[in-house]
Amino acid sequence: MQDLLDSVVDGCREEWQAGRTATYIPELAKARADAVGASVFDLSSGGCSSGDFDYRFTMQSVSKVLSLSLALSVCGEDEVFSRVGMDPLADSFNSIMRLEMDAPHRPHNPLINSGAIVVLSLLPYRDAEERFAAVSDMASRMTGNRSMSVNEAVFRSERDTAARNRSLAWFLKSVGNLDGDVDDILDTYFRQCSLEADCRDLAVLGATLAADGMNPVTGEQVVPPRVAEITRAIMATCGMYNGSGEFAVTVGIPAKSGVGGGISAAVRGRMGIGTCGPALDGKGNSVAGMRILQRLSEELRLRIY
Amino acid sequence: MQDLLDSVVDGCREEWQAGRTATYIPELAKARADAVGASVFDLSSGGCSSGDFDYRFTMQSVSKVLSLSLALSVCGEDEVFSRVGMDPLADSFNSIMRLEMDAPHRPHNPLINSGAIVVLSLLPYRDAEERFAAVSDMASRMTGNRSMSVNEAVFRSERDTAARNRSLAWFLKSVGNLDGDVDDILDTYFRQCSLEADCRDLAVLGATLAADGMNPVTGEQVVPPRVAEITRAIMATCGMYNGSGEFAVTVGIPAKSGVGGGISAAVRGRMGIGTCGPALDGKGNSVAGMRILQRLSEELRLRIY
Amino acid sequence: MQDLLDSVVDGCREEWQAGRTATYIPELAKARADAVGASVFDLSSGGCSSGDFDYRFTMQSVSKVLSLSLALSVCGEDEVFSRVGMDPLADSFNSIMRLEMDAPHRPHNPLINSGAIVVLSLLPYRDAEERFAAVSDMASRMTGNRSMSVNEAVFRSERDTAARNRSLAWFLKSVGNLDGDVDDILDTYFRQCSLEADCRDLAVLGATLAADGMNPVTGEQVVPPRVAEITRAIMATCGMYNGSGEFAVTVGIPAKSGVGGGISAAVRGRMGIGTCGPALDGKGNSVAGMRILQRLSEELRLRIY
Amino acid sequence: MQDLLDSVVDGCREEWQAGRTATYIPELAKARADAVGASVFDLSSGGCSSGDFDYRFTMQSVSKVLSLSLALSVCGEDEVFSRVGMDPLADSFNSIMRLEMDAPHRPHNPLINSGAIVVLSLLPYRDAEERFAAVSDMASRMTGNRSMSVNEAVFRSERDTAARNRSLAWFLKSVGNLDGDVDDILDTYFRQCSLEADCRDLAVLGATLAADGMNPVTGEQVVPPRVAEITRAIMATCGMYNGSGEFAVTVGIPAKSGVGGGISAAVRGRMGIGTCGPALDGKGNSVAGMRILQRLSEELRLRIY
């Protein structure tokens, strides 16, 4: 596996040149565009890593998997899906248009920005601090990394430049689809997006989902099997934003990307994979990461379809 | 004129029953739905009033005429129209959809909410207080009423429930079309919307625009003739929100409505008219007010088309 | 007047260079991009012309004024406006989007393509031939030109390349808003768009509307005053497509443009103006024509707002 | 398996009451709303059927799987996906809005109506007859049923009431994304939608895709494995129209529905399933069929996520 992974990561080293780092948050623009790495956590044989696997980046939208799993566990799927849909859409992750267009004005799925914000609002915690503590705890338990922390520079940058997310949240508020204090909820959202991880963390996160919610490193059952199952299904249809359909054709495994450059993939019963590569395509997905996943999917016959 | 006005207002007394007071701002819902009144300020013969002409209501969107006139005077038409369009649209006054859909994501005209917010942002004042002082001064000079004031209950209600306007403002911010501090600009917006007026104030306001910017009561040239001319033209195509085309066919004079129930109309060289009637149609226009204007337009042959 | 008109047309001779002839219909692309002319028909003093006033072009959307006037006369305003709106919109003249978006899926106004197609469908004639005979007769009576004819090359080009108009018509059919045979109705539509006219024809057409429906050349009352009044109002808010608001600010008179390069303007009680200039701006309006109208509006103080 | 299938179909007998037969094509409204049946074709153990498994219905959108497989085989995936996307969308199967909104105005995926029409246009056949012969041949080879035929009454009804599909096709033509004769291509489209099948046909069709393109009944390799793989992936993200995301969560297998009431599902390496139930939900998917598939997915652990 190590040889295969090295060969795949090496072969994808230059893919990043087709992409660009996210620029809408100043701190993200500072990411190393040419960092390319991957980790695999195989449920039978354990982990291996290659390339810039210890490059640290912020989770960004990958963190939506954490808050979704948390909300499904805490609130139950009925409550969650009464407030947010499960269907993919052709709009970009921060689009607001369809929220106005389609009554009842609820987000189409929990992995776009508006959906993730609603998901956070459902959590029964007192304030931003308590709410973030729960998300952060979920991050630690899913990744097995007890020392995860927020990149404060990114958090501040995120918070200070998040006009679009504020617009989404206030729109949701205006149509009665966001309970609670807008700034307080957004604070948790920005913090979870700013959680730092590396490829190994995302590989174990994927492996935990692949193992029906049991972290294969710590042995802890982090979320019930049904929660892992739902999360994988939604990753499959909505995880790569409006590039999810193409990703299903070219790669064919459930995965969630983030504009920090990470992708976490979960192949049920087999493995989790974490990749990094901050250079993104036009839809916000890591160019090198997708290419690595495509190569691994082919070599290891991971495709689920 | 007094007899005619009495007869028209009397004849429209029951029209309000086809409408409803605005409910999205709690304080507005408390308005007297059955208040119906009108004032005419004729440039030759002076003013007369009828019905509930002294009923006080908040100006709401009628105030957009004030801030537009102010910005045109202070910044010039080139600057204003480099940041906001001049074209009507089919969407409702607080719609966000087209802001996302149409690059360069600038508001289609200055009389919808997003446009009015951008207009305020262009004013070269230091903060909300200074900015509102200028708008308020414009209100006094346009209406000739030196004792206009903000309805504080409505202002607070407006500010605390203005999720949609916050969403619009943050969206504009996110696409780089709103300079300055969002909350600060919105503060002015909510305050100007909460300015109280009665039919007489709106009649003189209309008469000032009708007299090419010269207040016929005070004799002051409040804005240059070209500013009054532009404002009248934009009122004609955009003043009644997405009901402006129908209003042109049925009434045929430049006018601006507000969800507080007021309408101010300006017939160049002839007169200004102010009406009140807090019961609104589905597009946010005063039902009784439109009917009164239609009757007056027919009786006095005011139609400009 | 002749001197003024010569001076204005001369001064606008080079304006065409900022525009381009319509290309979506091959025959239209063959128009003389640099043809620039104008005619004025003053209700007191009669007509005068300048520049390429005898250049012949197809009426295109200017013909929508004919079919609208005809339908208002024959069917009545209630029936017409139960099937088509009266409100301007921000979309281009051949846009389909809002037809799907906004129930009850009726065209927003009679001067966009979908609206004009619905208007034609309301006319109580047996077939395309009879229907076109009525429109053509209206053209002759409105312009006073008894020898108007269809440019057959443009008609065929129009019919053979009118995919978007077919799409609009079939969409209307699919939502139950188009009675009758689609191809048959479109045949009339393409024919009326292909009617040839010159500036003098459009000036008299405008003058007929300006004179409340009485053709000032022939003395015939072509349509009732109310029909002329409605038509002028809709020209004012919708006549220049999605550039109508800007045209109201810069020119300020009711007018209807066509992608053949013509514009017909109607100033109530004063005059009709016809201009030609096949080079168009991005919204489909004649660049030179708009500039001529702007200059004439300023010089003759025609602005209605 | 027979017992399980009987029990599942019996248990879902009354589910149809929550749905309604399609009404937009008059002939479809005549379908037996309460017909409920299913067939399973297991790649190891062969077929079994239950309920109204021999009820015949038209394939409608299920046929899009045939034309997509055919085009992928004949034209190659590069050509197909240069003209149609692979991504799911939130709009209904016959929506036109996004075709206008999103340059380059190509259909988002091959399983919505506009996409299927484009796919047919890519096939290198001379005319409607030859093109349909190829699709029909693909149907026979995929289902192993050599006597499939078109329901002529549905075909005529389809053709005569297909205003929306005509609108879609003409729109595609207008933006240069549909080569060939519109009516000719639509003729094939209506014919393939009118192909009659029963649950057994759809089960074998699904089994052929599940067996990487080899029909398990006839032993023929109908399409290359890669074509089957792509088709399954697109069925998974786009097969149930804008209900595909929810179907992934609740059922979790690649499937394609049709408004005739059929669904064909393909579980790689295991089985194909065909269901029928003409009563549809609001998105156009068979209510009873989805419920049967959900039960089978749970009982047989078919979920792929």
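Order as written gives the chain letters A, B, C and D; numbering starts at 1 within each chain.
As a working rule, a residue touches a chain if its C-beta (ideal position, glycine included) is under 8 Å from a C-beta of that chain, and two chains touch if they have at least 3 such contacts.
In this text the structure is predicted, and so the values were computed from the model without any measurement.
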Relative to subunit B, which chain's C-alpha centre is the most remote? D
If I rank C-D and A-D by number of C-beta contact pairs, which comes first? A-D
Whole-Å separation of chain centres (CA-atom averages), subunit C against subunit D: 46
Where the CA atoms of subunit A average out and where those of subunit D average out, how many Å apart are those spots? 32
Residue list for subunit B, restricted to those that touch at least two other chains: 101
Chains that touch, pairwise: A-B, A-D, B-C, C-D
Touching residues of subunit A toward subunit B in the complex: what are they? 95-97, 100-101, 163-164, 166-171, 173-174, 182
Quick one: in the complex, what on subunit D touches subunit A? 85-91, 98, 102, 108-109, 229-230, 232-234, 236-238, 242-246, 248-249, 252, 254, 268, 303-305
